[in-house]
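Below you'll find a set of structures to go through.
In the two assemblies presented below, chain A is common to both, partnered first by chain B and then by chain C.
Moving on to the complex of A and B:
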């Protein structure tokens, strides 16, 4: 029996989760929500994490009914993500690891998403579409690595959606992407936008510039409604993602697709993916907002897998890094 | 070249707490672009931090950031440490 506690703070979510042999005992989270039209900046996000980390940690322990001495390993997000928020969260993880005399493990955030998705859905060897505010990657496992088949060559899909939400001054509560999704349901008129797939990779920055430039006039003249634009943007970017996911599936001969990351809880993305997957006679696995969106349990789960293969990180090496690619990690826990 | 410097001594209630603070705070390196160097040692219950910088502004930023981190570590020890 191994109990792992995970600390996540790579973006605007601060989460602490406790996992005991594949069972999530608790997974509280606190999100830094900025006013409409504004994104979250590193300094303010780090302050948010420092202000809430201890309350969230206490909530995680109480909800799980676990005492510190029952915990076997402390897991924290090493990267990728925003530097200052990562460090603030890591400081708490390092301090409790020493107070409670427990080993500590550095976890790659992307690996956390993949392992959590596999745990929750039971997918065995899926082609993974990892879509969030900071990352957009199509991943498949081979020879001890999660290999990146395709990815964005500029901004993440979630970043594109978030920044478009700022143009429309949509609320960031609970998240800009959620509010775009709700508006998109009422969209009727499709606006054609740049569709940029380059081989296995995608690009969203040109598309964002295009719609940022066009939107004010289109809305002013009532040619398109905000709903129409949200609908058109979603349809375009999701179609691009599905195209590269399908190509990766064909390449690997894969019969499973797993969607993870914050954008992965978008129902329209899941529905579009399901159509493609069904046509191929394959299975789609997706999770809801509890596990798609950044959380502590996913870091605990990935750390739990690593710890069971004998990995630990010496305290002096528990650094954080803004860039940390998914394929840098040797996957010691899979065949 | 006359680098600015600052020395800070933080006393803790016990040697063990100074050691934990050292363990948590000494891991992260200063950003390269800032031109600040920070060295940390501890002896008994005191954490010693030495800052060196070319620019006063960067020295201030670095010290501010250190205190923000220190506060978080101290609060963590107070709330989750063993009862004294």
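Moving on to the complex of A and C:
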């Protein structure tokens, strides 16, 4: 029996989760929400994490009914992510590891998402679409690595959605993407936008510039409503994501798809993926906002897998890095 | 009415075998994608058929082998084209030759790929989906005939950026399909550079390729 606690703080979510042999005992989270029209800055986000770290940790322990001495391993996010929030969260992890005299493991954030998705859905060897505010990748496992088959060559899909939400001055509560999703449900008129797929890669920066420039005039003249624009944007960017996922599936001969990351809880994206997957006679695995959005349990789960194969990070190597590719990690826990 | 036999179902199109007035023919029919908004779907399908036919023609004018296009039917979104006889995909060829340890055949193939892509880019044609599955081979190892196919994502651009991305797309597909093949890919790049007459633009393209590689790496940020 191994109990792992995970600390996640690579972006604007601070999460602490406790996992005991594949069972999530607790997974509280606190999100830094900025005013409409504004994104979150590293310095302020790090302060948010420092302010809430102890409360969230306490909540995680109480909810799981676990005492510190029962925990076997401390896991934290090494990267990728924003520097200051990562460092603030890692500091808490290092401190408790020394206080409680427990081993510590540095976890790749993307691997955390994949392992959590596999745990919750039971997917065995899926093609993974990882979509969030900072990442857009199509990943498949082969020979001890999660290999990136396709990815964005500029900004992430979530970043594109978030920045469009700022143009419309949508609320960041609970998240800009969620509010776009709600408006999109009422959209009717479809606006054609740049659709950029290059092989298995995608690009969103041209699309974002286009809509940022066009939106004010289209809204002013009442040609399109904000609902129509949200709808058109979602339809376009999601179609691009489904297309590259399908191409990767065809390329790898895969019959399973797993969607992870914050954008992955979008119902429309899940529905579109489901249609594509059914047409291919394959299976879709997706989760809800508890596990799609950044959380502590996913770090604990990935760390738990690593710890079971004997991995531990020496204290002097418990650093953080803003750039940490998914395919840099040797996957010791899979065949 | 007409006799057609399903040959293969790909991600975007169904391929049928057919007889076109006595000529062996392949019908490539793009089917509707139910997950896409119908306006977007018909726009993309239309665009891709046009791109495919245009780039095919321009490649032929640049001296690159492609299947001859007989006819396009916009009613059912199909392209009727010549069936290449006894082809093997470059993907299969590389797998086979690697298994046999035949490195000289692999090097000769890499030379041909590099030369073909250089010709294509000299004509300002961007393929958009370069993979080893989209290259068909005919003939023996010392005299390979390489056909380029699947131009649905193609465009016409003179910029080093687009050509660099085109090579990047191939590199990614190449390395993920053929493990431990970085050296072979480098041979392709060398042959591409040797065959490109405009040395200045060639340098720019390779510099862009390196820039795009870094961009991909740097994109592992937050989330």
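Keep this in mind: the second predicted complex is superposed on the first by the 335 of 335 C-alpha atoms of A that agree within 3 Å, B and C clash if a C-alpha of one lies under 4 Å from a C-alpha of the other, contacts with A are read in each partner's own complex, and residues count from 1 in each chain.
Here is the rule we go by: a contact is a pair of C-beta atoms (placed from the backbone, for glycine too) under 8 Å apart; a residue touches a chain by one contact, two chains touch by 3 or more.
Quick caveat, the model's predicted, so the values are computed rather than measured.
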Which partner, once the models are overlaid, touches more of chain A's residues, chain C or chain B? C
Counting only touches as set out at the top, which of chain B and chain C does A:335 meet: first, second, both, neither? neither
Report for A:220: first if it touches chain B alone, second if chain C alone, otherwise both or neither. neither
Looking at the overlay, what does A:158 touch: chain B (first), chain C (second), both, or neither? second
For A:149, select first, second, both or neither according to whether it touches chain B, chain C, the two together, or no partner. second
After lining up the shared chain so the two structures overlap, which partner does A:69 touch, if you call chain B first and chain C second: first, second, both or neither? neither
Contacts of A:294 with chain B and chain C, given as first, second, both or neither: second
Scan A:315 for contacts with chain B and chain C and give back first, second, both or neither. first
Can you pull the chain A residues that chain B and chain C both touch? none
Over in the complex, which chain C residues touch chain A? Could you list them? 10-11, 33-37, 39-40, 43-44, 128-131, 133, 153, 165-166, 168-170, 172-173, 176-177, 179, 212, 215-223
Counting only contacts in the complex, chain B reaches chain A at residues 19-21, 23-29, 68-69, 71-73, 75-77, 79-82
What part of chain A is in contact with chain C in the complex they form? 10-11, 79-82, 109-110, 132-136, 142-143, 147, 149-156, 158, 190, 192, 195, 197-201, 235-236, 239, 242, 246-247, 249-251, 261-262, 271-273, 275-276, 279, 294, 322-326
Across the complex, what residues on chain A touch chain B? 46-47, 50, 53-54, 57-58, 68, 87-88, 90-92, 94-96, 98-100, 315-320
